[in-house]
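The following blocks contain the structures, represented as structure tokens.
In what comes next, chain A is part of two complexes: it sits with chain B in the first one and with chain C in the second one.
Up next, the complex of A and B:
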């Protein structure tokens, strides 16, 4: 209760009941799981449709249909993310980064899609799994490219004076193997949760102001703010997918070569 | 009877005052957490705009690095937001 405004409890905003099964069973299926499944199936379907060999329709190499969209998206990830951060060596990790980008983007964009209005990444489980996956991935890339020396190279960058090593090793150990996955997960989760709460706040405000009193005069401003924030949240959904992918690319790139 | 009522009343008021204190602390925690990242992101984007204006051909590289820097700087504010949620609702 703030100024006569009935704000719902946080559990009501982010916790969804299972469609079948009791709470806490492993096969429970709720809205978040549905959104994640849609993100998975939609991404796979669009990519499979685009990959069908239909380019040589009338003897030209002009792409048609969903292939246009997918080609521009893949070239955005290749030119805008991998070439800018890792370089040509990183192109072999394009499939991982592309699937990461699209899974996060579609999970986020459900924040503004009617009847869903819930970003899948506003629950910690999704971002945590994605961050853990990225963590395993960049350690595996480091082991593949540098062997077991990767761990030593990443905690003690070459060129650091010997006297500084006792100070550098704990800091680097903490920042590379603990802070990286933690901040990846928390960044995505907190951004989406904050956006969700923001939209809920203005929706509640609009519903409260929708009355036959003088307060209804404020309603247009509140509603305009809600529409504006919806646009802003579409941008945030895109930006967070972009930032997660670009950070994954930077981490993978940094474990390919010893820092110097 | 009246003593029991008195005791339960005091118990609820104690829980309520704790909740109010937690809400206040949550507000202060988030408010403080915004200060540094706010200054940091402002400075970062300002410098990036200056760099892009001086050298428009390097705009793509500057923009990528700017987003990276924003992501790192923003992390502290977001951790502050998570602390807010934890103090206020958990």
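Up next, the complex of A and C:
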């Protein structure tokens, strides 16, 4: 209780009971799992709708309807992320990066969807899994392109004077194999959790101020902040999906060539 | 040094022991939950597989086909532009050839015209000269005829006048010869 506001505990904001499976079991299915499932189903549905023949203007390759949206998104990932960070060699990783982008974006956007109001990535589990998979993926790409020399090239970049290696190796080891996945996961998780707490704070404030007292005079400001922050969170949802995806692309690109 | 370290370790252990029951009682909302990690992993892997084999290929295929069509159309446009330039050059070359041919034809026509003109002028001058010559001949003949007629008439008049003066016949042929000589001398002086 702060200044008469009953603010819920953090557990109440982010923890959800299982719809099936007892608490603590590995297969317990809760709201977060549901959002992740919706991310899979919604993405698949939009892509399937976009791939229909009807989404092309008759007899041409001109897109219309949902194909415009999906092609813009795919083009954004292909041209704006892969070509900018990896180059044409990285186009083969389009499926992984597209999946990352859509899975994170839809998971994030549930922050502002009525009756859900919970970004899946405000829980550490999702970002941790995605960061872990990205970590495994870029190491696998490195091994594929450079063989076992990848590990040495990663910690001792070519061109570094030998005298500096004792300093560079621990730093690179830490930054490439420990900090990268950790920062990927924490960045996404922390941003989404902070946004979620911010929206909850202003929602609670609006509810509390909705009373027959003088405090109701402050309500419009609080509500305006809530509306503004909701728009801001939509931007953050997109931005975080973009940042995660572009960093994954950068890490994959750096694994492909020793000079990185 | 070792004593200090052992004191620190002992203190840390004591603090940890004091905190351990609290940590066990409170669930940290930041730590990942296994079930959420499991479902998150399952759904992401499913999306990745779907994306790779089902969802993305038709979209990318259409995009690539469109990009290829754009490239082909651009190449065709560039080829058409090149062809247009070549045709313009060919046309201009033809035009220049026609121009030079026209100039040469004009020159040829002009020179032929000049030659023809000269020929015509020469022929005309020859005609004129011939006409002038024939006219001169005719004039000369006419002169000769007129002189002879004049001489005869003058001789006749002179002989008649002389016979009238002397009241006797005069040698007509000698008088005529005399008059003709005079007329001829007078004609040669004109």
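Here, the second predicted complex is superposed on the first by the 253 of 260 C-alpha atoms of A that agree within 3 Å, B and C clash if a C-alpha of one lies under 4 Å from a C-alpha of the other, contacts with A are read in each partner's own complex, and residues count from 1 in each chain.
FYI, contacts are C-beta pairs under 8 Å (C-beta built on N, C-alpha and C of every residue); 3 or more make two chains touch, one makes a residue touch a chain.
Everything quoted here is computed from the prediction, not taken from an experiment.
**Student:** Put chain B and chain C onto chain A via the superposition and say whether they clash or fit.
**Tutor:** On the superposed model, which is not a single observed complex, chain B and chain C fit side by side.
**Student:** Taking the superposition as given, does A:246 touch the first partner, chain B, the second, chain C, both, or neither?
**Tutor:** Once the two structures are laid over each other on A, A:246 reaches chain B alone.
**Student:** What is the contact status of A:49 with respect to chain B (first) and chain C (second): first, second, both, or neither?
**Tutor:** A:49: touches no partner chain.
**Student:** Could you tell me the angle at the CA centre of chain A between the CA centres of chain B and chain C, given to the nearest 10 degrees?
**Tutor:** Given the fit on chain A C-alpha atoms, the answer is 120 degrees.
**Student:** After lining up the shared chain so the two structures overlap, which partner does A:10 touch, if you call chain B first and chain C second: first, second, both or neither?
**Tutor:** Both partners.
**Student:** When the two structures are laid over each other on chain A, which of chain B and chain C touches more residues of chain A?
**Tutor:** Greater contact footprint in residues on chain A: C.
**Student:** May I ask you to decide whether A:168 touches chain B, chain C, both, or neither, giving the answer as first, second, both or neither?
**Tutor:** A:168: touches no partner chain.
**Student:** Quick check for you: in the superposed arrangement, does A:206 touch first (chain B), second (chain C), both or neither?
**Tutor:** Neither chain B nor chain C is touched by A:206.
**Student:** Output check: A:139 vs chain B and chain C. Expected answer is one of first, second, both, neither. What do you get?
**Tutor:** After superposing on A, A:139 lies clear of both chain B and chain C.
**Student:** Could you grab the smallest C-alpha gap between chain B and chain C in the overlay, to the nearest Å?
**Tutor:** Between chain B and chain C, the minimum C-alpha distance equals 5 Å.
**Student:** Taking the two structures together, which residues of chain A meet both chain B and chain C?
**Tutor:** 10, 189
**Student:** Going by the contact rule at the top, pick out the chain A residues touching chain B in the complex.
**Tutor:** Checking each residue of chain A against chain B gives 9-10, 80-81, 84-85, 183, 186-187, 189-191, 193-194, 239, 242-243, 246-247, 250.
**Student:** Which residues, counting only chain B, touch chain A once they are in their complex?
**Tutor:** It is residues 60-61, 64, 67-68, 70-71, 74-75, 78-79, 81-82, 85, 88-89 of chain B that touch chain A.
**Student:** Taking the complex as given, what residues does chain A use to touch chain C?
**Tutor:** These residues of chain A touch chain C: 10-11, 14-15, 18, 21, 24-30, 32-33, 36-37, 39-40, 43-44, 47-48, 50-51, 56, 61, 63, 67, 70-71, 74-75, 94-96, 98-99, 102-103, 120, 123-126, 128-130, 133, 189.
**Student:** Which positions of chain C touch chain A when the two form their complex?
**Tutor:** Going by the criterion above, the answer is residues 27, 29-41, 43-48, 50-52, 54-56, 58-60, 62-63, 65-66, 69.
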